[in-house]
Amino acid sequence: MPTRLTALAAALMLAGSVHAADPIKVGFVSTLSGPGAGLGVDIRDGFNLAMKQLNGKLGGLPAEVLIADDQQSPDIAKQATDKFLKKDKVDFMTGVVFSNIMLAVGPAVFQNQTFYISANAGPSQYAGEQCNPFFFNVAWQNDNLHEAVGKYVQDKGFKNVVIVTPNYPGGKDAVSGFKRYYKGQVADEIYTKLGQLDYAAELAQIRATKPDALFFFLPGGMGINFVKQFVAAGLSRDTQLFAPGFSADEDVIKAVGAPMMGMFNSSHWAQDMDNAENKRFVAEFEKEYKRLPSLYASQGYDAALMMDAAVRDVKGKVSDKKALQKALEAKRFKSVRGDFKFNHNHYPVQNYYLRVIAKDAQGRVTNKTMGSIFTNHADAYASQCKMK
Amino acid sequence: MTAATNSAKNAPLLDVRGLSRRFAAVDALRDVNFSVEAGEVHALIGPNGAGKTTFIHHVSGALQADSGSIHFAGHDVTKLSMHRRVGAGMARSYQITNVFLGLSALDNVALAVQGRPDAGSSFRFWRPVRTEHALFDAAAGYLEQVGLRDKQQSIAGNLSHGEQRALELAMALATQPKMLLLDEPMAGTGPEESARMVELIEHLARHVTILLVEHDMDAVFRLADRISVLVNGQLICTGTPDAVKNDAGVRRAYLGDHL
Amino acid sequence: MAFYRPARWQKPFAFTVLCALLALPGLMEIFDQSYYIGFATRVLIFALAASSLNLVLGFGGMVSLGHAAFFGIGAYVAAICQQGGIVEGLLAFPLAMGVAGLFALLVGALSLRTRGVYFIMITLAFAQMVYYLFISARAWGGDDGLPLSERMQFAGLSLTDDKVLFYVALGLLTAIMLLLGRLADARFGRTIQAIRENETRMEALGYPVFRYRLVCFALGGAIAGLAGALLANLTGLASPALLQWTQSGTLLVMVIIGGVGYLYGGVVGALVLLLLEEFLLGFFAHWHIVLGLLLIGIVLFAPKGVAALFDKHRSQP
Amino acid sequence: MTQLFLEQALNGLQFGLMLFLLAAGLTLVFGIMDCINLAHGSLYMVGAYFVAAAAQAADSFWIGLGAGVAGAAVLGLLLELTLFRQLYRRDHLSQVLATFALILIANETVRLIWGPAPLMLNPPEALSGPVEIAGFFYPAYRLVIIAFGLAVAGLLYLLVAKSRVGMWVRAGASNREMTEALGINVRGLFTAVFVFGAALCALAGGLLGPLLAVQVGMGESVLILAFVVIIIGGIGSIRGALVGALIVGTVDTLGRALLPTLLRALLPADAAATLGPALASILIYLLMAAILFFKPQGLFPARA
């Protein structure tokens, strides 16, 4: 559903001649409807907030953001991407939430020599052997947040863990990430259908297993339902819940509320992080959208900042792909997560923190940063990437 | 019935034995024994709701009986589907006119010719039908037999009721039947048309065996060699028109109902 | 519903359109609109799929709500072939047709024994079963679908060039339309149309109705399989979404918009629907509301176009 | 193990009863009006949205449920009067097309009004926790759903089997012409049945809302299941719908729970877990095919 959202300076468009400036075009294909919609909407809102702060410009040039909903379906995403690449001839692509969709649209984007700035999906394929000069991930590699949880669960001495993830590439990455640092017994690995909403059967299975900890990665509405049903089934009495930040951020907290308090999770970003960029981001996001930003929103925001800095760096000459790649790699923007740099595979090397869900000073249930789990952590696949 | 009976030389063309059928709580047909000899016109009569149409449906294969057997031309057709019975030489016309209204009279009959086993398979995907002259020549012949020679190119929907019934007869004939099942061919026709229809059936009867179900008693007594009477799902009498006319049971069932 | 009889202008008109289409890719390149070559290819492919349903629904009178299954199977066969190293379309496309056709034969053999709503729902249920099968098959990509790492070849020509794919799709559509046009007028077409009009009468004329219906159903499935194989090449993905029943509904809508039982009904319907989608969507994101109202309008106020063609008093599955 | 089995059986019962609420209306519309209604799932979706919206506005789940069900009944009434009444006498193709169009309209309208993101509906506070039964904890809310389902099933039984209206409905399902000939206001009866079906849809949607998510497209997948239920049960039969729904609910839930365990003995964990749910969903269709093979009219054919 490509709704043409013209974020370009209207005055300039109306006053200037048609040829005056070819705007920088960004194709934004994301999941904006269905159970995964919360994620895409947050990325979009974060991205748009940055565009607003930049006065609708990227690197000082007028910019246009074309938005399409992939409905969490790989082929709708492919169709929309194709249109953006071939018809609108966009300069950047971004927005995809889910790794399976990323893998479906990636080849067409790379073949077209268009830069993809992933604000979320970080499949292991693109971090390792299939790494590509045109792919950047401004968020994390899929495994990272799971690795952080795995390390924490290991350090805390849990011995019997059940893992629940959806059956898709991101879910596989989650399991391998978690198990890379958690060395104890895994009582059961439960794979659900992507988009599943009723977990009655799985919860009964978990109850029968009697684990002391449960690690789950269920993005969006799936996680919301899972936590609600987990609590309703009375399982929270005997089993400690752990999740990556994806399953314990504002979207889930807002829907589930107080029952989530005390749940530990991992993230590379938190809304209480103490730096000027983040304070401005959180305050303005709340003002604009009347809710707290999630990590997805922070990633969308960073993606826009990253494009802005790179376009400025090449002085608007986005057709010079080599120069643009260098500029993107240089990472000349200030991220809301604090400092980080790109690895040679175009994935971030950054810190990961432990968060816990608790009430903040204003009495809202939200995430609180507890300390760091990893510092300057890179992903496990970078060594397989032959790109320099 | 056994094969021995069927192979007997003078076996009837159609031989129905012990046919029964129940619908819910109603006995539609009860142990009906009925036969049609080759070459005769055999009429089946009975009051409304006696089960005549149900009986015809069973003979033609539109319905399957609970018990009993049907033999046709020496073959056991009890379990055969309708189109196989047609292949064995049984053709039927319908109470309600049943032709393809959108096609010309000639096309209607050609479709019937095309369905014949000797006309070859209809799994032909390329050659336009209109170039298959053999089908249309044969069809024209049947139209002539029923007196519709001048109406070949008329769309069936534009024909008069009587003409449509005649067209249906032509289609039935085109299947080259050994026996024609005519279900109330006079229904809904005016006096003039009925007279023509009676003539037509008389004419056809010279070539083909006919099982006739009809309400029009004048027509029945004029056409039939033998008459069977069905009352409440039971066959109460079979015989020559005169014998049936004088049968006490028939008078009671039939006339008694009316008087 | 009358038997199919082409209008006199139909043939020259179709020929003119064909000639115009031959020039389309060149024109699009001149105007730097090569995106629309892909779009036009999509229209051609859906025209093929809708025409295959039109054969089943329009000519055969079978209201199938599971046609997407054959469409999707064709796409998967193409993707599996490509992964398995069979990249020649001359080999893979007939294979896709064969597998889809055989499956249609199986589904038809089971569901054509039923009538009315049962037939509609059973075709729907079979399609849904296929959908779940493919979703579960990890080897074939499960939920994510099976990607083609590269487009196939056709008679040695690489389909990676959008223009080549366009011409191949155009050529195949032309060939199939030619076949369907001849078929409608040949014995087989006459027979299935007559069966649609009056099943019992045809049975009473000695036609093995079931067999003709089944062949018609399977042929429709095979052609849908061809369309699916082409679509997989266009999008580079055999997606389970192609198998979903809503896809069957969309094909049905195409046929009905274009004209049930008209030779070019599927083609016109695919063109109209995809054009509407491509251009209305930009203006009104919720254009499905308009489409829905339009369809209801067709049903209620243009029964000549739809309902009268399938008179209830006549038999139909 | 018995505990696990018992819990899964309860889950199956809960799922089956919700399917019954959907299938009951559908089977009557099919059976009596001979009308195929693909938009039945949309009534379920719209009903759920009504309930969610009303619950948010009133800040009470129960008020929301009542208001939402009433709203859906009114919508059903409007649809029956304006559209379905025209469709009953049409051929099935027209019905398929018109009700497919309704799905498109319903999905888009809901998206227009409530946006593309799912609505969240929370169960009443008191029911959000677990209760202890037979030595294990079970979500209180699921028990409430089961209670509702059983109550509706009981009510329907009384209504259809014992009341005069029910007699007409049964008569209508088995022989429409006869019922009309007996001078019963069939038109009014149709309207009433349709409205009742719509209300049951909304009830199911509203009750499942807190468990699942209220979102666009939620009606389509459940519609197919409802179809399977009534094919198995026999079109037009309430009893068939109940039995069919319980069979489908139990087979689906138990299959989903036990097949992976079974398969795990034979296959690696993730392969087993992948195959399991899919096999379980196919299980229903295989069951349907088998039942149709032996009883083409379903288990409880309404028509003789």
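In order of appearance the chains are A, B, C and D, and numbering begins at 1 in each one.
Just so we're on the same page, a residue touches a chain if its C-beta (ideal position, glycine included) is under 8 Å from a C-beta of that chain, and two chains touch if they have at least 3 such contacts.
Computed from a predicted model, the values in this text were never measured in an experiment.
Ranked by separation of Cα centres from chain C, the top chain is B. Of all chain pairs, the one joined by the greatest number of contacting C-beta pairs is C-D. Averaging C-alpha coordinates per chain places the centre of chain B 42 Å away from that of chain C. The mean-CA centres of chain C and chain D are about 31 angstrom from one another, to the nearest whole unit. For the pair chain B and chain D, the distance between mean C-alpha positions equals 49 Å. Chain D has its Cα centroid 37 Å from the Cα centroid of chain A.
Within chain C, residues 135, 142 each touch two or more of the remaining chains. Contacts with at least two other chains are made by residues 111, 274, 277 of chain D. Contacts with at least two other chains are made by residues 167, 193 of chain A. Pairwise chain contacts in this structure: A-C, A-D, B-C, C-D.
Of all residues in chain C, only 33-36, 38, 135, 142-145, 147, 149, 235-237, 239, 241-242, 281-282, 285 touch chain A in the complex they form.
Put simply, chain C touches chain D in their complex at residues 57, 63, 65, 110, 113-114, 116-118, 120-122, 124-126, 128-129, 132-133, 135-138, 142, 245-246, 249, 252-253, 256, 260, 286-289, 291-296, 298-300, 303, 306-307, 310-312, 316. Chain A contributes residues 32-35, 37-38, 41, 69, 167, 172, 189-193, 197-198, 200-201, 204-205, 207-208, 221, 224-225, 228-229, 231-235, 237, 255, 259 to its touches with chain D in the complex. Within the complex formed with chain A, the chain D residues making contact are 1, 3-4, 7-8, 11, 14-15, 111, 116-118, 120, 122-123, 128-130, 132, 136-142, 210-213, 215-217, 253, 256-257, 261, 269-270, 273-274, 277.
Here chain B touches chain C in the complex through residues 60, 62, 81-83, 86-87, 91-92, 94, 98-100, 102-103, 111-112, 114-117, 121-130, 132, 171, 174-175, going by the rule given at the top.
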